[in-house]
Structure formats: structure tokens, C-alpha cells
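Take a look at the structures below.
Next come two complexes, and both contain subunit A; in the first it sits with subunit B, in the second with subunit C.
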Partner chain A sequence: MSNRSLPGLVSRDGETRVRVTKGLELTKRQSMLALVGLLVVFAIPDIATVTPSLQLTVVHQGLLFGLAAVGLNLLLRHTRLVSFGHAAFFGTGAYTAAVLAAKFDVASFSLLLIAAMVVATLVAAIVGYLSLRHTGLYFSLLTLAFGQLLYALVQGQSFFGSSDGLPVRPGAARQPLIFGLALDSEAYAVILYYLTVIILVVSLVVMWRLVNSPFGNALDAIGQDRTRAQFIGIPVQRYVWIAFVISGVYGGVAGALYAMVQQHVRPGPVLYFLRSGDILFMAILGGFQTLLGPLVGGVLLVFLQDVGRDVTAYFDALTGVALLIIVFGLPRGLVGSLRAGGLLAAATRDFRENPAVVGEWISAAVTGIVEATRNWLRDVQSILGVR
Partner chain B sequence: MLRADSLRKSFGNVRATDDVSVEFGKETGEMVFIVGPNGAGKTTLVNLLTGHLTPDSGRVLLDDEDVTGLSPDERVHAGLVRSFQVVKLFEEMTVRENVRTAVLSQHRLTRSMFTLRDGHQEVEQTVAGLIDKFGLAEHADTVAEELAHGTRKLLDVAMSFGLDPDYLLLDEPTAGVSTREKAYVIDTIAEVSREEGVTTVTIEHDMDIVSEYADRVVALHQGGVHGEGPPDILETDDELRRLLLGVEQ
Partner chain C sequence: MTGLETFVTHTLHGIQYGFVLFLIASGLTIVLGILDVLNLAHGELFALGAYVGFTIIGYLTGLVAPPTTLSTQLVFLGVVLLGAALTAAILVPVGVFLETTFFKPIYGRDEVYQIVLTFALLLIIKDVNKLIWGPSPLRLQDAYGGINSIPVLSRVGLTYPTYNVVIIVIGLVTVAGLFWFFNRTKTGRIIRATAINREMATAIGVNTGRTFTLVFALGAFFAGFAGALALPPRFASLDMGANPLVLSFVVIVIGGLGSLRGAFVAALLVGVLSRWAIWQYPPAELAAPFAIMAIVLLVRPEGLFGTWGEMG
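Then we have the complex of A and B:
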């Protein structure tokens, strides 16, 4: 019984699958993809040494903001709540690490990370408790308000270094010690990167388990119909609060790692509301209906912003253009659209086997267009108030 | 027994529920129907009983325990379950997932974070049983929003029974259902609640259904209880007939 939940090879529906965790069993193709993906991620430090256009810190930052976006996506995808203040938790994690290192000479990587998790949990519990009294727009505005409050607080206090921020250099050490090791800065960057990747993989597996659990099911139910969820016995308020805290902790972990990577934190890049917007955008860019989408979105957006800076003075516009393309062209986001790509491949196969299937497609398309036109007309009518 | 004790609720100047004291489930498994003209306060009463609304004064007692202060979800776990007039389903979930969500909640498993949502044997068995019992097998893997109206009503009721209620409050379970399907929906409700000893309290406008299925009728008018008794009060109480049907004496 117990070893059935361990990772390994299992046989399912007559084929061998790779079990990552209980219930998550990848087919041969999926395992290959996952392996290639992991290899690429692991090879980034080496690739970065040969190509100047790809910098390790950029990818590293992208993965970390992506991790925060994975956390935010728990709320966005499942409870359907749009948090516009997730930089608050990213910033909380970053500043917890910075304050402990700069002011209290805490040098241990693990200690800084754990402390950041604890503080992020507390902050998310308070912000969540107050914001979740409302839903919809008011919830979003409250998270935005709390985020800005935190930003103003840090910006205004000399203890937090005001707008100059704080270095993440504990005492005499140039950087935090990883498992007690004082490394030179290059080794530090690479080892920290690999630790991030490991934390990332664990975080993703944990998130997968969470969203596929009965608790995740309850969050889906809450997202789809709050009232009904409560009337089938789900303590809606408490569960949404728990989800909010978990979501915040993901941000806190990412922020702490970010602080240790950058070795300096300033309020602007980690706490300002535009950062909250970025994190939200990353989830949508990568595809918020998927587990991996927000992560891909994170890497891509940070990369775009970095490259854009060299290419054009209007690099901020790049983000806007990317957002427009996604909303109008790929509303499922990048990873979500890959799935649609799979559908396209299946359709091509169908067509090769039986060209007559085109007839079905045309009739489906016509029905779809008629339906869409009817809906559109109805919308216009109701907006104009003519029925 | 589910008891309303001097419940009052006003919206502005309107007394939607005006000193209502009634009892449901005097005999376990009885089918009580709430009747009354539009605006009589039927839905408000159900909302007060289930915790969707808080009364201005009065109490709700469940098996002699005061549950007025309990939240809706706590009342569900105490055995008090309701459905809504406009069917509320988890629209993006399949029929099976909808029922599973209810049964997981009934088993108090929704707090489980690291088991699989479809990995609980006893839950899956209950879910399969309910899907069978309510004739939903052929739609088990259909997404709720694609279901026909009558099927949606059945799924709604199946979910309610999945919560293992002692008292089930149904707000117009046959509203908007075709005449042909009406009988099937109400028959199924009657049959399953009899089997499981569930007391049902049903708001219903169709007097044919009321007289055929009711063990007892509670008539509301202008927020208060107009009268209650066996279904033949629908025939004998002229005042009630006038209120309900507009029939002159």
C-alpha cells in the first residue's frame, strides 16, 4: 500500500508511465518533455557562459517571479479571485531576508528562507483576512491598497533603507552562506540557481497535489459558485483564506530567493504595485488555466523586459503589446495554447484519415458563428436597452 | 424536528416574514409543502431556516438545538440541506464531479490537501450510487452547463441527497421543468426521501403536485402563517383557495 504512492515506474492502461507523485503519472512523451525541460533549465548556467544575450540572473529572476505567479494562480485559477497585490508577499519575503541579513547578521540561506516563509505567512494571513471580506473588484482593490501600504511603509522607514533599500550581506560575509559554505560569487550564483530549481520542482509538485486534492476541488467549487459551495457545507471564507495564505507563501519564498540572488533589495522592484501587475500578467501570459503557464510567463516576461531595454527606449510598451497579443490572439496563454496546438495536430490526423470530416467542421464552425453573432446581438441589444 | 420559532425578517418596510412559528418533520420523513401567493415570504422563510438570511428576531431549532447562530455550511453538516429556485451547479464540472464535490463535503474530506480528489473509494462508491439512483448515468461525464433543464434539476437534487440530509428544503424543484419531466423529478424526490427517511420541505406552485404528494401543507400569506394541515385544506379552506388560485367563494 505505502509504496504505491512512491515515485517510480508504474503500469497504467497497458503502458509504462513515470510516477512523479501519487496520481501524477506521465506518459512516455510527457516524461521526455519534462526531462528535456529540466535539462534545459539545468544547463542554463552553462549556456549563459557562452551566449551574452542570455544572462543567468535574468533567467533566475524570471523563474522566481514565475514561482510567485504560480502561487497567485492558486487564487486566480481556482477561487477566481484576482489579487492585485501579490508583490506584497514577494516584497515581504525579500525584505525579511534583507533585514535579517543586514541588521541581524543572519547568514544561513536556510534560516533566511524559513524566516521569509513565516513572515510571509503572517502578512498574508492579515492581508487575506481583511481583503477576503469582499469579492470581485473590491477584493482586487483591497489587495492593491494593502500592497501600496506596505510599499509606502518600507519606502518611508529608514530602518528598511527607504528608497535605497537594503543589502543582503550578513555582517562580514559578502553573501549568505549556503549550508555553511562561503562560496565565491560565481559559485554562489550557480548553486543558488540550482537550489531555486529544486525548490521550484518541489513547489510545483506540492501545488499539483494541492489543486488535485479534495481541498483543491473545494476551491474550484468556490470559484464556480460561492453560494452553492457554502450550501453544500464548504466553509468558504476559511478555505479561501487558507488558499490566500498558501498563495502568499509562494510569493514569500520567491522573494527571499530573489533577495539572495540580487543581494540587494529596493522597494520599487519588489513591492511597487506595477510588480503586482507583472506577476498577474505572467500568469495570464503563460496561461492561468495551467500549472506551468505562470512559470513560463514569468521567465518570458522578465526576459522580454530585459531584452527590450537594449532594443528600444519604449521597452515598457513591449509588455503592453505582449498583453494585447495574448488577450486577443491567445486567450489561453502560451502553455494553454500549446494544448490547443495538440488539438490542431489531432485534427490534421483526422483529416488525413478521413477528409470528409471537413463537412463536420464546417457545420460546427457555422453553428459557432451563428451562436456568437446571436450572443453578440443580444449583448448589443441589452447594452442599448432595446429588446 | 426542524422548528421556526417566532421568526421575523423585514426588508425596509416590508415584513417578509412576520412572526412565523412552524414545525417540520413532526414525523420523520414527512413531505411538507409550503404554498402561498407570490410575495407571501416562502423563499424568505427557507432562507432564514438555512442561514442564507439572518432573522431580525426569533430562532431556528434543529432537533431542539438552537442553530440560529450557525453558518449555512455548519447547518449543512448538522443535517439541514437546501436547493435553490434557480438551480445552482458547479457549471464547469461534470455531473460526476458535481456529485463528488457534495459527497466529499459530506465525508468532511474537503480539508484534505494531499489526497486525490477522486481517490477516496467510499466516496466514489456513494457518487456512483447517487448517479445511478437519479438516472444520471448517461450524463455522468457531461459538463453541467451543457445539461438540459430537467437533468440539471435532478443533478441538483442528487447533490442535495449526497449531503445525507435529515431535512431537505427544496425551493420550487419543478419550476421551469416540462410537465412530462415534473412528475419524474418529484417522484424521484419522494421515493429517495422515503427510502432514506428524509423530511422534505418543498415550495411548490403546482397544486396538483401538492395535493398528490403532501403529507402536510403550510400556507403562508403576507409573511405570516395563514394555516396548516393535511392537503385537503386546499379544497376546504375557501380563503386559502381565493389567495392561491384567485377562486371566488
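Then we have the complex of A and C:
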């Protein structure tokens, strides 16, 4: 308890914990996991030079989409609003950086990033103002429609390069300058990666602070019951709107970094509504009831999509089946289910105790399919009026 | 072409487009209004309709004589429409299957799972289409040309495809049929009652589970019908479901959530206004419907006929 302002060790309930920031104290196990996780993330560029199957840009992209998913999760987890248009902010960030680089020859990394944050804030403020008038499914529907509006705008204007997109290669160096340094392309990729990791860690800590602040608690209250939250004096509309803007800014930052990593931005990969679906899926895949889940989901999905495209032409269907498994089998996501009491943890325990349990699972699956077919036939008969 | 003729042609194109939009959006809006599920896979059901229609209409038109004289032309038209109806009928068991297998277990769950589920179905159906019909776009060239060879509007000196006139007529009949169904038949009234108050409907003896299945099957029926009808003038392609899906959302928002009448007015509005926008300023093609939506949202957030769940 001695060290109040700096990260350090504290003792709680007779246990030593690592103090990261106010209120965020990790147990020994958690800090070990966090340390290992950080080390792996930091070692990725080195690992990538050894194995050809792991590419730095793929992990990098995964982290960025994961960051956008972390932003989306602020709405999803706390206010219970399902945004299906989050690619809009990712795309806004990416296109802000791209337009500044391609049309105005802005080369500074920090300037591009800050500009992307500002524009994403504005766009999120407007979209949020219009779509937050509704809740539930209609909110999802509106965010999707606004996302497609941005897609349509970019696609239709030659200023944005239409469907060919814009290059992000400003200045004499043909790439953004990090702290004014002109680096060769490999050094640029690696340094940008480490910068991303730093931004990511800062964003996660900020998000943690945010959701554990009175503001975050108010969002939870809104998510549980809007009317009640209104009655106990929470300015529901304004708080939800602020949360929406913050989550949009996360997307914008991720998008700007994405533009600088890829050095070319096209509307399809960053603005199309399937991308919004991907970002939402990342949050669900990793577990949207956790802080880190969306990030894990992001890296995993981008990696799997990269590998899967080489393996099969029907990769979308595989993603779909994976989604079905998550929805019906692991509703808490991977990170959520690995926790004690989760379905995945229980399944591994059962399997360890008695490997024959697999037989039971298979027979349960077969019974399920037979049952579903029988139900279907009965319902078709009932709809068609045949007895 | 005189200015007036251009205007009339564009307006007719807009009306035709509006009717196709309405066919798609009507299914989506009744599913949304009654099942409380935002079905992202609805656009893929439309695409599936187009693909099934490609096979069925292609097969059926191969059986009849080529449309050269008036009588063969009329037979040809009848066969194409029969094919579209059969396609829609095939989509009914597909809809029942999707509803009973995937949607039934999930009604009580958090809505994020419903959205993810329909997104999963979107991806799967898209790849099923790819598996069966292949990745390259398909076209029913003969059907469009064959029906257009029937002179209708050229008799009054207007160059306008006959097929589009057929779509407008079918659209009118379908709209009338839908309103009749929901206002005059027992089943339609049961569906409306379920939409307005699910618990009360159960209390007075409505089998809501069966009603839900029926509604979803109805949505699939109209999506498939729209897909088959929209096919002849265009290509059936894997990504054809996305745009109608999003435009249906726009139509639902403009018309008022859950209102069938609103969806009808909004579909025609979006169809005609976006057609005029393309005519006057082509780059606005994609953005025009969204601009209309934004204006309606600002002026009337509840939509033109916002009845919140009540049909009619």
C-alpha cells in the first residue's frame, strides 16, 4: 500500500499483487500471464523471421482489428447495444490518414494518427446522435445503414479513389515518417508494430480505467435497465452517446494504424458491412464479457482468415460454422469459456477424467441432428397444412 | 427522347425498383416485427431465390416454344412467372428449416447472439450458393429478351422494357394480396395479434411457435419470389444479397419500424427518388437512399408510419 501513484507491488488479503494503475491489481498468476502475453506479442517480429507461416503483417492487422473490437465491446458489454457498423469508424480512421497522405502529402505519423482520431470522433458523434435515438435491433439496423452510407460515399467519389482506394505513401520517403525518421521498409514495419503494441497497451489500460470508473458503472446500469438508470438520475442519452464516441475513436485509431501498415486503403476491406460483422464476431469469438477477449478474437480471426483463404474456397462458410458453434456451444467466447466454470474448461476437465466422453458428445450431436430433422419435417407439414 | 418521356421512363424504372425492394423489405419487416429478429441472412435468401430461379426458369423456358408469335410469347411469360412462383415455394421449406433449427432455440437469448447467428447463416448460405452454382455470375438472357419482345408500352410510343411492366403489375397484385392477407384472413389477423402482444395472443390460444415458423417461411417466400423476379434483367451473383438487404433496412427505417404500409410507401419513395438521383447526378446512386433515410430520421425519427410493431 506504500506506493500509491506508481506501479508496484501491493499486498491485499495476504496476497502480493502487482499494481498497474489505480484499482488495477493483478494476482501473481494474472501478472505472469500478462507478462508472457506481452513477451509473445513483443517477440512476434522475431518469430516471424524464423517461420514463414506466421507473418508480421497478419498479426499486426489482427491486433488492429482487435483494438477496434475492444472499442466496440465498450458498447456491447456495458450498454448492451449491438453496433453492426463499426467498420465505419475503422474506415474513417483509415481514410482520414489516406486522404491526408495522398492528397495533402502529410507524412508525420503522429499528425495522421491525431487527425484520424479527430475525424473519427466527429463521425461517431454524428452517427451516434442519429442512431442512438433507437435501441435494440433498430440501433443495430441504423448503425449498419450508416456504415453502408460511408461505404457508398467513398465508393462513389473519385476523390476517395472509388473502389481502387488511396495509397498511403506521402513525402519523398514514400511512407509515413515515424518521429521524423525516414526508415527503410523493414525497419518501418517493425517499429510501427512496436508502436502499435504500445498504443494497444495504453488503450487497454485506459479502457480498463474507463469501465471501472463511475462512468463505466453508469453504463452497466444503463445496459441492465434503461428506465431504472434514468430514474436514478443517470443522463442516459448523453452517457450512451459518449460511450459510442469513445468506441468510435478506438476504431479510428486502429483504422489509421491499419492505413499506415498496409500503405494502401480500399473501401472493401475497411468499410464494407461484412467487416463490421467481422469486428462484432471478434468480440464474440474472444468473449465479449471480458476486456481482452475481443483482442484475442481479433488476432485469431485475422490469422485464421489468412490461413483459411489458402486452404479452402469456402472459407466464409467455415467462419459461419465457427460462429454457430460459438453461439450454441460457447456463448461466453474463448477467453470467457476458458475461465473456471466455463463450458470449455468443463469440457477439457471431463475429457481429462474420461476420454470416452467424446463418444457421448458424438451421440448427443447425432441425436440433435435427428431431432432437428424430425422437427423440420413436422413444421413443414404443419405450415403446408398436410397431415 | 423528349424530356417528358425521359422523366416517365425514369419514374417507371423507379417504381419497378421500388416494388422489388418492397417484396424484399416486406419479408424482413414482418420477421423483424413479429419474431423480433433482425435477419441479416434475408439478403442471401433473396440471392438463393435468384439462383434457384435461374435453374427452374431456365429449365421451364427450355420446354416451351421460343417467343415469336403473340400466343407463344404469352405462354413464355406464363412459364417464367410459374418458375418464379415455384422458386418462392421452394424457399418455404428452407425458411422453415432455418427457423426451427437455428432460430427457435435462441429467441430468449441476448440479441447479440441472434445477430451473430443470422450473420453466420448469411456466410453459410452465400457459400452454399457458391458450392451449387459456382463463383461466376449467371444470366438468364433469353427470359428477359423473350418477355421484352411482347409489345406493351411501345404501342403508346414509349421505349420501356415489357418485363418491368410485368414486375410492376405483379408487385401491385402482391401488395394487394398482402394487405388482404393481413387484414381479412384469420391467419393474417393471428399474425398481427402476435405482433402486437405475444403474451396475450398465447393466452387466447394462438400457437405462437407455429406462427413464428409461418412468418419466417412467409419472409423466405417473398425473398425468394423477389430474387427470381429480379433475376432476368441482371446477373445472379454471390454478392447480390448485400445491397437489397441494406436498402431494405433503409426502407424499414423510413417507413416506420414494423409497418407494412410504411414499408410500401418507403420502398416506392426510395425506388423513385434514387432513380431520379441517378438520372440527374450519377455519383449519387449509392448514397441517395441513405440521404433520404437521414432526412426522415431527423424530421420524423419514428418513420413515416411508425406504429411500433403493429402491422397494417
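One rule holds in what follows: the second predicted complex is superposed on the first by the 334 of 387 C-alpha atoms of A that agree within 3 Å, B and C clash if a C-alpha of one lies under 4 Å from a C-alpha of the other, contacts with A are read in each partner's own complex, and residues count from 1 in each chain.
Heads up, the rule we're going with is that a residue touches a chain if its C-beta (ideal position, glycine included) is under 8 Å from a C-beta of that chain, and two chains touch if they have at least 3 such contacts.
Values in this document were obtained by computation on a predicted structure and should not be read as measured data.
S.K.: Just subunit B (first), just subunit C (second), both, or neither: which does A:Ala172 touch?
M.R.: Neither partner.
S.K.: When the two structures are overlaid on chain A, which partner does A:Ile326 contact: first (subunit B), second (subunit C), both, or neither?
M.R.: second
S.K.: Where does A:Val50 make contact in the superposed view: on subunit B (first), on subunit C (second), on both, or on neither?
M.R.: Once the two structures are laid over each other on A, A:Val50 reaches no partner at all.
S.K.: Would you mind checking which one, subunit B or subunit C, touches more residues on subunit A?
M.R.: Touching more of subunit A: C.
S.K.: Quick check on the superposed pair: does A:Ala372 touch subunit B, subunit C, both, or neither? Answer first, second, both or neither.
M.R.: second
S.K.: Quick check for you: in the superposed arrangement, does A:Ala145 touch first (subunit B), second (subunit C), both or neither?
M.R.: In the superposition, A:Ala145 contacts subunit C only.
S.K.: Which subunit A residues contact subunit B in one complex and subunit C in the other?
M.R.: In subunit A, no position sits in both the subunit B and subunit C interfaces.
S.K.: Of all residues in subunit C, which touch subunit A in the complex?
M.R.: Spelled out, the residues of subunit C in touch with subunit A are 32, 36-38, 40, 92-93, 96-97, 99-102, 104-106, 109-113, 115-117, 119-124, 126-128, 130-131, 135, 210, 213-214, 217, 242, 246, 249-250, 252-253, 257, 283-287, 290-291, 293-294, 297-298, 301.
S.K.: Which stretch or stretches of subunit A touch subunit C in the complex?
M.R.: 76, 80, 82, 84, 130, 133-134, 136-138, 140-142, 144-146, 148-149, 151-153, 155-157, 273-274, 277, 280-281, 284, 288, 313-314, 316-317, 319-321, 323-324, 326-328, 331, 372, 375-376, 379-380, 382-384
S.K.: Looking at the complex, which residues from subunit B come into contact with subunit A?
M.R.: The touching residues are 50, 52, 71-74, 76-77, 81-82, 84, 88-93, 97, 100-102, 104-106, 109-117, 119-120, 159, 163.
S.K.: Over in the complex, which subunit A residues touch subunit B? Could you list them?
M.R.: Result: residues 22-23, 209-210, 212-218, 220-221, 224-225, 227-236, 239 of subunit A touch subunit B.
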